[in-house]
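Across the two complexes that follow, subunit A remains constant while its partner is subunit B and subsequently subunit C.
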Partner chain A sequence: MLLVLSEEHKEHLSFLPKVDVAVVAEFGRIALEFLRRGTSRKIYEGAARKLCVPVEMVQHGVEGLMFLMTESSKHMISEVDFLDSVLVLGFGEELNQILLQLYLQHHSQIRSVLTLLSSNMPAYHNVEWRLDVQLASRSIRHQAIPMLTLRLLLTRGRDGSTDHSRVLQTDPSTLLHLISTLEAALAAMKTSHTRRILRNIK
Partner chain B sequence: MRFRFCGDLDCPDWVLAEISTLAKISSVKMKLLCAQVLKDLLGEGIDYDKVVKLTADAKFDSGDIKASVAVLSFIFSSAAKHDVDSESLSSELQQLGLPKEHTTGLCKSYEDKHTALQDKLRQTSLRLGNLEAVSWRVDYTLSSSVLMEVNEPVIQLKLQAKGAESGSMETTVVSVSSDKFRVLLAELKQAQAMMNALQ
Partner chain C sequence: MELSESVQRGLQSLADPSVFDQTSFPALLDVSFRSLLSSHADSGVLDQSELKQLDQILLKQSHTAATTFILEAVKQNADKSTVSSCLEELTFSAERIEIFCSTYQKHKKELEHLLASIGRQPPHVNDVSWRLQYHMKNGQVDKVNEPFYLISLNAESKGIPEDINFTCTMEQLQDLVGKLKDAAKSVEKASQM
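On to the complex of A and B.
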């Protein structure tokens, strides 16, 4: 598929042919560093001073490059499609090749950074449990109430660094119901309907 | 096949696969590796460089080293969890294909540290809101803004406990009048008597 670049985007990128090829390579490196770590205003200002152009122009150029890279990596476009999309900007052959090299070298890294942004639902990480029997309380003695206490450790996001924990308590009959529901869910994976879908996703 | 050390369930496939990896090192090195893994399980930390040196002869790459440490951790902790004696463990591991000398070394290490391992596992079992520290102070209130002569003792209790869900230290400060405190003490003494009866 071809990337369609907006007019504003093309305008931002039109800064690139006006500078040296080495500078474009440097901008490419800065753009990828920013994708990994976040932007830094000082670098824009330093570059603008060296090239004697306004800071906004440098910023737009680098941001335009970042957007081009993320959009291309997002759609996993092939080399030919990337070159065709970039052709519309009217850059020289050398510049196109540099952009292509930048894309090919880094698109898998960019994709892994992009996957970190996606999931924001807590996911199961670990579970700890204990089985207790309540023997007495302040109001009533000589009881025997079995209870299961569960601590669910969940992670938020793909890196798994932030851990939430939820504590749950259940009696044996609810536990049995929980187990049978989860086993039914697991059995649903083995139905022919699911198998057909899984075969076709491959 | 049901195995006692897996809790009367099937042995996981990865354990079967890694047992054959374990068979590649000599039985002497195996015993030293077991000692390292047991140190890690007891919370004393593992000396990874020593482990690398032990497995260097058999030319383990980093994946194999991690796999052998993982399978030994699983065997020890699972056997301690299900309270398996070392003869049963020995026969079950030999059924899975671990050579006899390796099994003997492993089971000897297991038998030595069996009680310590179970104690450590007991300590790390799930507990919510552990009470860590209690401090108290008795004050005597002389007077207040609403009553000139109060003349009452009051206790300030500071309880430091680990939060149930968060797991971090939470401090609770309560002040208790002497009557309420008497009731609290009587109830807690009854609970303590019940706990002692169970010991």
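On to the complex of A and C.
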């Protein structure tokens, strides 16, 4: 699959061949750092001063690089396709190779960063359980009710590290029902229908 | 069972055949149990024809005393002999004790249930629903191609349903089921002790 770069994008990237190869490598490093941590205006200004070019030019160049990397990683394009897509920019062979290396080295990292962006549902992390017997409460004594207290730990969407825990309760018979229902869910993965789909959509 | 003075007095009036006769005694008993078991407070609960001719203040005192006594008995899981001896001390005739005890036995389980539901509890899980989906792509990443489960735990907190939704991979679901099975095993072991 080839990447289609917009005119604006090509214009932003046209800054790159005008500078040293070493500078491009540096921009590549900055671009990846920005993808991980977020942009910083100071770095743009510093680089612009050193190269004696306007700040916007540096900014566009770096942003163009960032976008090139994220789009390539998003679609998991092959080496050949990447080089063909970059060819349209009319850069020299050396520059193309640098961009390719940048892509190959970092694409899985970039993909995992992008994946964090997309998850917006709470995901299972862990469950802790405890068996208790309720003996009495304020309103009634002489009880003997077995109950299972569960603590469900979920990671909340965007910020993968934030754990969100819910305390829940159930009784032994419901527990057995939950187990059999979820085992049926696991069995669904092993049916020939599921296997066929998993095999064929790649 | 420890009863306050006003409760004792109210019950003694109830025991007295000159205050509550053969028809009004079972009527008040019935009303007392009913007002505890019904889910709506009914201000007209004492407007029964059998109770019309009684002194209304005395009626209210006896009604309050009877309901307090019933709740205390259920709370302490009092058996028939405890209730009987208590009523005997409060000058109830053997016949009235018999009527009281049989009604008490009839409604005891339901009242226990009612009292047990009062109080704070974490949401109670009743059921679970699941969906198996195949994640192909999303706005940020293409070619994801991973199956995943969407699990929904149907819980209830004081009658208000509350759903807890989350996603998990097959490995995570296996982990969850494994842990739940451990819990079930420990319940089985504990029940055999």
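Everything below uses one rule, namely that the second predicted complex is superposed on the first by the 188 of 202 C-alpha atoms of A that agree within 3 Å, B and C clash if a C-alpha of one lies under 4 Å from a C-alpha of the other, contacts with A are read in each partner's own complex, and residues count from 1 in each chain.
Here is the rule we use: contacts are C-beta pairs under 8 Å (C-beta built on N, C-alpha and C of every residue); 3 or more make two chains touch, one makes a residue touch a chain.
This one's a predicted model, so the numbers in the text were calculated from it and none came from an experiment.
Engineer: For the three-chain model obtained by superposing on subunit A, do subunit B and subunit C clash or fit?
Structural biologist: fit
Engineer: According to the stated criteria, A:111 is in contact with first (subunit B), second (subunit C), both, or neither; which is it?
Structural biologist: Second partner only.
Engineer: With both complexes overlaid on chain A, does A:149 touch subunit B (first), subunit C (second), both or neither?
Structural biologist: Touch partners of A:149: subunit B and subunit C.
Engineer: Can A:76 be said to touch subunit B (first), subunit C (second), both, or neither?
Structural biologist: In the superposition, A:76 touches subunit C alone.
Engineer: Applying the document's definition of touch, where does A:165 land relative to subunit B and subunit C: first, second, both, or neither?
Structural biologist: In the superposition, A:165 contacts subunit B only.
Engineer: On subunit A, which partner's contacts cover more residues, subunit B's or subunit C's?
Structural biologist: The partner that reaches more residues of subunit A in the superposed model: C.
Engineer: Figure out whether A:2 sits in contact with subunit B (first) or subunit C (second), or with both, or with neither.
Structural biologist: neither
Engineer: Quick check on the superposed pair: does A:129 touch subunit B, subunit C, both, or neither? Answer first, second, both or neither.
Structural biologist: Touch status of A:129: both partners.
Engineer: Considering only touches as defined above, state whether A:174 meets subunit B (first), subunit C (second), both or neither.
Structural biologist: Once the two structures are laid over each other on A, A:174 reaches subunit C alone.
Engineer: Determine, under the contact definition given at the top, whether A:138 touches first (subunit B), second (subunit C), both, or neither.
Structural biologist: Both partners, subunit B and subunit C.
Engineer: State the minimum pairwise Cα distance, in Å, between subunit B and subunit C in the overlaid complexes.
Structural biologist: Closest C-alpha pair between subunit B and subunit C: 7 Å.
Engineer: By the touch definition above, which subunit A residues appear in both interfaces, subunit B in one complex and subunit C in the other?
Structural biologist: 128-129, 138, 141, 149, 166-167
Engineer: Under the touch definition given earlier, write down the residues of subunit A that touch subunit B in their complex.
Structural biologist: Counting only subunit A, the residues touching subunit B are 128-130, 135-136, 138, 141, 149, 151, 165-167.
Engineer: Help me check something: in the complex, which residues belonging to subunit B touch subunit A?
Structural biologist: 125-128, 164-167, 187, 191, 194, 198
Engineer: Touching residues of subunit C toward subunit A in the complex: what are they?
Structural biologist: Residues of subunit C touching subunit A: 74-77, 112, 115-116, 118-119, 121-128, 130, 132, 134, 136, 138-145, 147, 149-151, 153, 155, 164-168, 170, 172-177, 179-184, 186-187, 190-191.
Engineer: For the complex, which residues does subunit A have touching subunit C?
Structural biologist: 74-76, 111, 114-115, 117-118, 121-124, 126-129, 131, 137-143, 145-146, 148-150, 152, 154, 166-172, 174-179, 181-183, 185-186, 188-189, 194, 197-198, 201-202
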